[in-house]
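Labels A, B, C and D are assigned to the chains in the order they are written; within every chain, residues are numbered from 1.
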Amino acid sequence: MAVLLTKKARVVVQGITGHQGQFHTRAMRDFGTKVVAGVTPGKAGSKIEGVPVFDRVRDAVLKRKANASILFVPAPYVKDAAVEAIEAGIKLVVIITERIPFHDCLDFVPFARSKGVTLIGPNCPGIASPGQAKMGIIPNLIFKEGDTGVISRSGTLTYEIVYAMSQGGFGQSTCVGIGGDPINGTNMVDALALFQKDRKTNRIVLVGEIGGTAEEEAAEFIKKKVTKPVVAYVAGRTAPPGKRMGHAGAIIQAGRGTAESKVRAFDEAGVPVAQYPGDVPKLLAST
Amino acid sequence: MAVLLTKKARVVVQGITGHQGQFHTRAMRDFGTKVVAGVTPGKAGSKIEGVPVFDRVRDAVLKRKANASILFVPAPYVKDAAVEAIEAGIKLVVIITERIPFHDCLDFVPFARSKGVTLIGPNCPGIASPGQAKMGIIPNLIFKEGDTGVISRSGTLTYEIVYAMSQGGFGQSTCVGIGGDPINGTNMVDALALFQKDRKTNRIVLVGEIGGTAEEEAAEFIKKKVTKPVVAYVAGRTAPPGKRMGHAGAIIQAGRGTAESKVRAFDEAGVPVAQYPGDVPKLLAST
Amino acid sequence: MKFLEHKAKEIFARYEIPVPRGVLASRPEDIVDPPLPCMVKAQVLIGGRGKAGGIRPAETLEEAREVATQILGMDIHGYRVKQVYLEERLHIRKELYLGLTIDRSAREPLLMATAMGGMDVEEVPREALLMEHIPAMVGLQPYVVRSLLRGLALDKDIGEQVAAVVRHAYDLFRKEDAELVEINPLVVTDEGRVVAGDAKLVVDDNAEYRHPEYAGLDQDRTPLEQEAHDKGIVFIQLDGDIGVIANGAGLTMATLDALNLKGGRGGVFLDLGGTDDPEKVKQAFELLIKAHPSVILVNIFGGITKADTVAMGVKQALDEMHATIPVVARIKGVNEAAAKEILRSVGSQAAETIEEAAELAVKLKSGGP
Amino acid sequence: MKFLEHKAKEIFARYEIPVPRGVLASRPEDIVDPPLPCMVKAQVLIGGRGKAGGIRPAETLEEAREVATQILGMDIHGYRVKQVYLEERLHIRKELYLGLTIDRSAREPLLMATAMGGMDVEEVPREALLMEHIPAMVGLQPYVVRSLLRGLALDKDIGEQVAAVVRHAYDLFRKEDAELVEINPLVVTDEGRVVAGDAKLVVDDNAEYRHPEYAGLDQDRTPLEQEAHDKGIVFIQLDGDIGVIANGAGLTMATLDALNLKGGRGGVFLDLGGTDDPEKVKQAFELLIKAHPSVILVNIFGGITKADTVAMGVKQALDEMHATIPVVARIKGVNEAAAKEILRSVGSQAAETIEEAAELAVKLKSGGP
């Protein structure tokens, strides 16, 4: 097993004809993912990497039985593309795109939930279940099949930690990049609940960062509901207050959302926090 | 057991100080329902039938642990009241009010679903589980504890049929008045799925009417997923096409939604259809 | 609320949906400066005007008055023509169809279109009809419009105009609480303009309070129905001769059904709703009596409604109007016994079930028992 | 995008939020007809202006110019005052606070208010702070406003004005893609008017493309940060002296953290994102060099980003600028070996892990190894 994504997924790539869409279609297929269709309005009939392209997600669902979608669509068009996927009946939507207006997310994220759709992202590296399938942009080679679940708000930092884990002998059941945006479809608590239930997962790694209170809520949830060992890393522990560190939505707000508050919350929940990303496998080894 | 409503429900009555709210607070308590609070903005501190009144649903949740709400609120204020209940964390909302603008329902019905809230109605007589609790306006005396589930789009016609059932020896596990409006929170298929799962329910009665395609969809669902015996009644079999029969939303549209189409769908699903409301218990006896 | 074409087009224009220039007239002599050459169009709330001769061309002012004289006063499928709308004549290259309504099952608005406009949309083959749901929560998204335009296979410039009409129509649909917005045909002119050839608009009656400007505009009622509406009573005239008064739409329909199954025909449908105000019951009864039914069938299953109060209203109305119409009553609920007593005192027959009540009503109508 | 008070108030006024009359001036001599008596207010993107002497009264034109002369050019918490806003003086009866932002956890906008306005909202006791979520999908409902007014305990007439401000502010929040709308104080005047005393508005940078009219208005950047922004590069200046260039915000932060843990201090934060365009890498490096770091730490974990392309950009920039700044590089990913080779050719040190890279950078800075 794995959470959310298995080899059963029949993936449609929205924005397949773009540079990123094309590149990652190949990478996802190399990973073993069934990429069954692409969508780019106006490009129906063409093929990318042997994958048939349609004008509409609906056509990909009807003709290719697509049941999961990944979006490589420029930010201004993401709301449109996400709603199209949801209305076409897709039940797992992964949004890689960053810099989507918050107010668009306020519209389509709750909409996805109202339709029973699992949305991952936006502004995330995607999801991968080694040995099964990948929907995202994380490099294939860093993964290793295993029984550790990874939940991360970050992009490349996830690569760093997954790589260190694989090197250290801790393969992954599934790695969920939930994304760094203020409003996301699947949050830490959602992902924790899934890993807690998953029989293939025996321990969990959480990668957090400053800003928001996702880590504090995760710690609270772990205390109450998670029996599997959890290890965490929190980025931005030395970031100066008040400075926004890139697009990660890492704005430090009065008392809440600081690295200290997050580390304290994890401490109280009995979750060891790594100092360096490379320390994660060491901590895993001692759980 | 029962579906959706059991004696565990702690009910808040929104619009408790109105004539209807007050009357039915008493009737629901007589039925055994735990009515723990009322809400009428500006009337906090008063009591109705011994029930404390608050300004806000949130207060009823915080101070009286209310977890279900019934709305006796005039149509123009229903959207506001329903959203308030949903945002306050209420998980079962029953809306009795009729004549709510469709476009309001287009807003708050999907919103309820997005928050995981079960909404019954609008424009419905409510829900009752004999021996447990009632949230609605169906007369107490017509019920009888039993193992037949009732799903109805109608109001007083539900009373008629439940009465006939009780007289004929067929008590009810739960009676769900899903309401006659075009857009409703819980539809026939939703309610069928619940009764199919409920261990207390051994057979199901469906009360439909012309307009819409809820009955056709129910028949389709029964064919595929319902193993318990189902009996139906369809009102409006002799209604002239094109005439709108009251507020029930019973507009006959080209081919679909006619009584014939519904009766045919039930026939094909092996569901006997009663000619007169009074025939329902006879049909139940022969299943 | 249904709107006449000219009124619907006035509202369309407010939402920037292009409509032809036109003038309204109730009398031929009111026609002074119509846009010539024009079409003279009967203003009635029923389809099939064209085939019935209710839409005719005119080249000159004189001809326009002449044609108007012929159309005004016509009977089109039971609707008398009281007004004509004289509209600039369009040079039609293509006729599309565009409709917006609510899909109950999906709980979402439904956008419909076809390139086979101008004809009755029910006759358009299903596969030529484009249907797109609009998720109301997030509004009309570009992909919906894209999908529609793709299906209509229009030139780019025309497509953009149609897209704008779709967006404006959806805006109107939501803001005006519409149940139905229909443009049939949506005309593409020889000059490459996209214009609403006809306009159908039905606004949700439940939302009347939000649109006071529309009060009194609905003309799709008989005089008695209008009187009932003004009094807040659901009252519909049918073809038969037995008056049915019941509480709740479903129960009223079930009663009519029973009547039909027993060989009778409902003449009036009166839904008393949840009221037990004797004054209201009396008013309802008076309306019913005005429709001259041969028998009145009362079927009340009481919740809050008190049976005896209803009965008292019936008695008062019969007394005051000196009506001798036979009444069959079947009343269940609070104070049932008292109600039966009151009704018996005015000579009404009591029944136990709907079936029995229907049977009795049909018998009474035929002169018995 | 952060807006200066006067600009935020101009936008507020467009949304019918009452604001005082005011005029803007960059030089004392530009002040001609201020609303007298007035307050002269420093226009800076930082709180605490009042305490720092950036808000002062004036009774006459002469006094206004005099006060403006004093305020213009002031340094307030590191921000130079380039403009003053001269505003009609309000007769304050009461000061409220009103704020609108996004609650990430609830995925909904959050409305905040307190009757203890005028002061720093972070100092308001939690129990005096009213918080109401607004479900964006269905919009601002009356119960939210009702609940807020109840908590503020205002007179009816004042309450209605505040309710209107809340509705307009929410409208602005949604339509202008705001991250933050804050009115502190929201003044109730002696005359019973409700007026925005101050105005804070932050618009989502991601939505810049929807609001071209705001382009170039953000003034909360250093010159180098602005240059980077114009080139589409995420570049933030910090207090330390080590330049950090990495790809991805999380990884960049993790690198800074490692640096700090090893005793170093980041001076620039440069997030390269997903790019491997050598021209872009070169530009980024040039910006970094302009900030005069004592050491540059490169940490790239490649996904699509090709390590050798990044290295080539580094080499070109160092070559062209004849920079002799020591570089520590830790590069993982596609073409890793080639990248290391290129970097070694310009004398950079290679590291295997983040920890090691941080350690090396700190050593180099201290003159070693």
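Brief remarks follow.
Here is the rule we go by: a residue touches a chain if its C-beta (ideal position, glycine included) is under 8 Å from a C-beta of that chain, and two chains touch if they have at least 3 such contacts.
Predicted model, so just to flag it, every value in this text is computed and none were measured.
Fewest steps needed to get from subunit B to subunit D, stepping only to touching chains, is 1.
Set against one another, A-C and A-D show the most C-beta pairs in contact at A-D.
Distance between Cα centroids is largest for the pairing of subunit B with D. One simple way to say how far apart two chains are is to compare their mean CA positions; for subunit A and subunit B this gives 40 Å. Remark: subunit A and subunit C have CA centroids separated by 51 Å (rounded to whole angstrom). Taking each chain's centre as the average of its CA atoms, subunit C and subunit D sit 57 Å apart. In terms of their C-alpha centroids, the spacing between subunit A and subunit D amounts to 27 Å. Residue positions 107, 110-111, 114 of subunit B are each in touch with at least two other chains. The set of subunit C residues touching two or more other chains comprises 135, 137.
For subunit D in complex with subunit A, the touching residues are 102, 104-105, 107-109, 122, 135-137, 174, 177, 179, 204-207, 209-210, 234, 236, 238-239, 246-254, 256-261, 266, 269, 271, 301-304, 332-334, 353-355.
The touching residues of subunit D, when paired with subunit B in their complex, are 133, 135, 137-139, 141-143, 146-147, 150.
By the touch rule above, subunit B contacts subunit A in their complex via residues 110-111, 113-114.
Remark: subunit B residues 41, 55-58, 77, 79-81, 83-84, 86-87, 107-108, 110-111, 114 touch subunit D in the complex. The residues of subunit B lying in touch with subunit C in their complex are 20, 23-24, 75-76, 99-103, 106-107, 109-111, 114, 125, 137-139, 152-160, 163, 180, 182-183, 187, 207, 209-210, 212-214, 217, 233, 235-240, 243-250, 254-255, 275-278.
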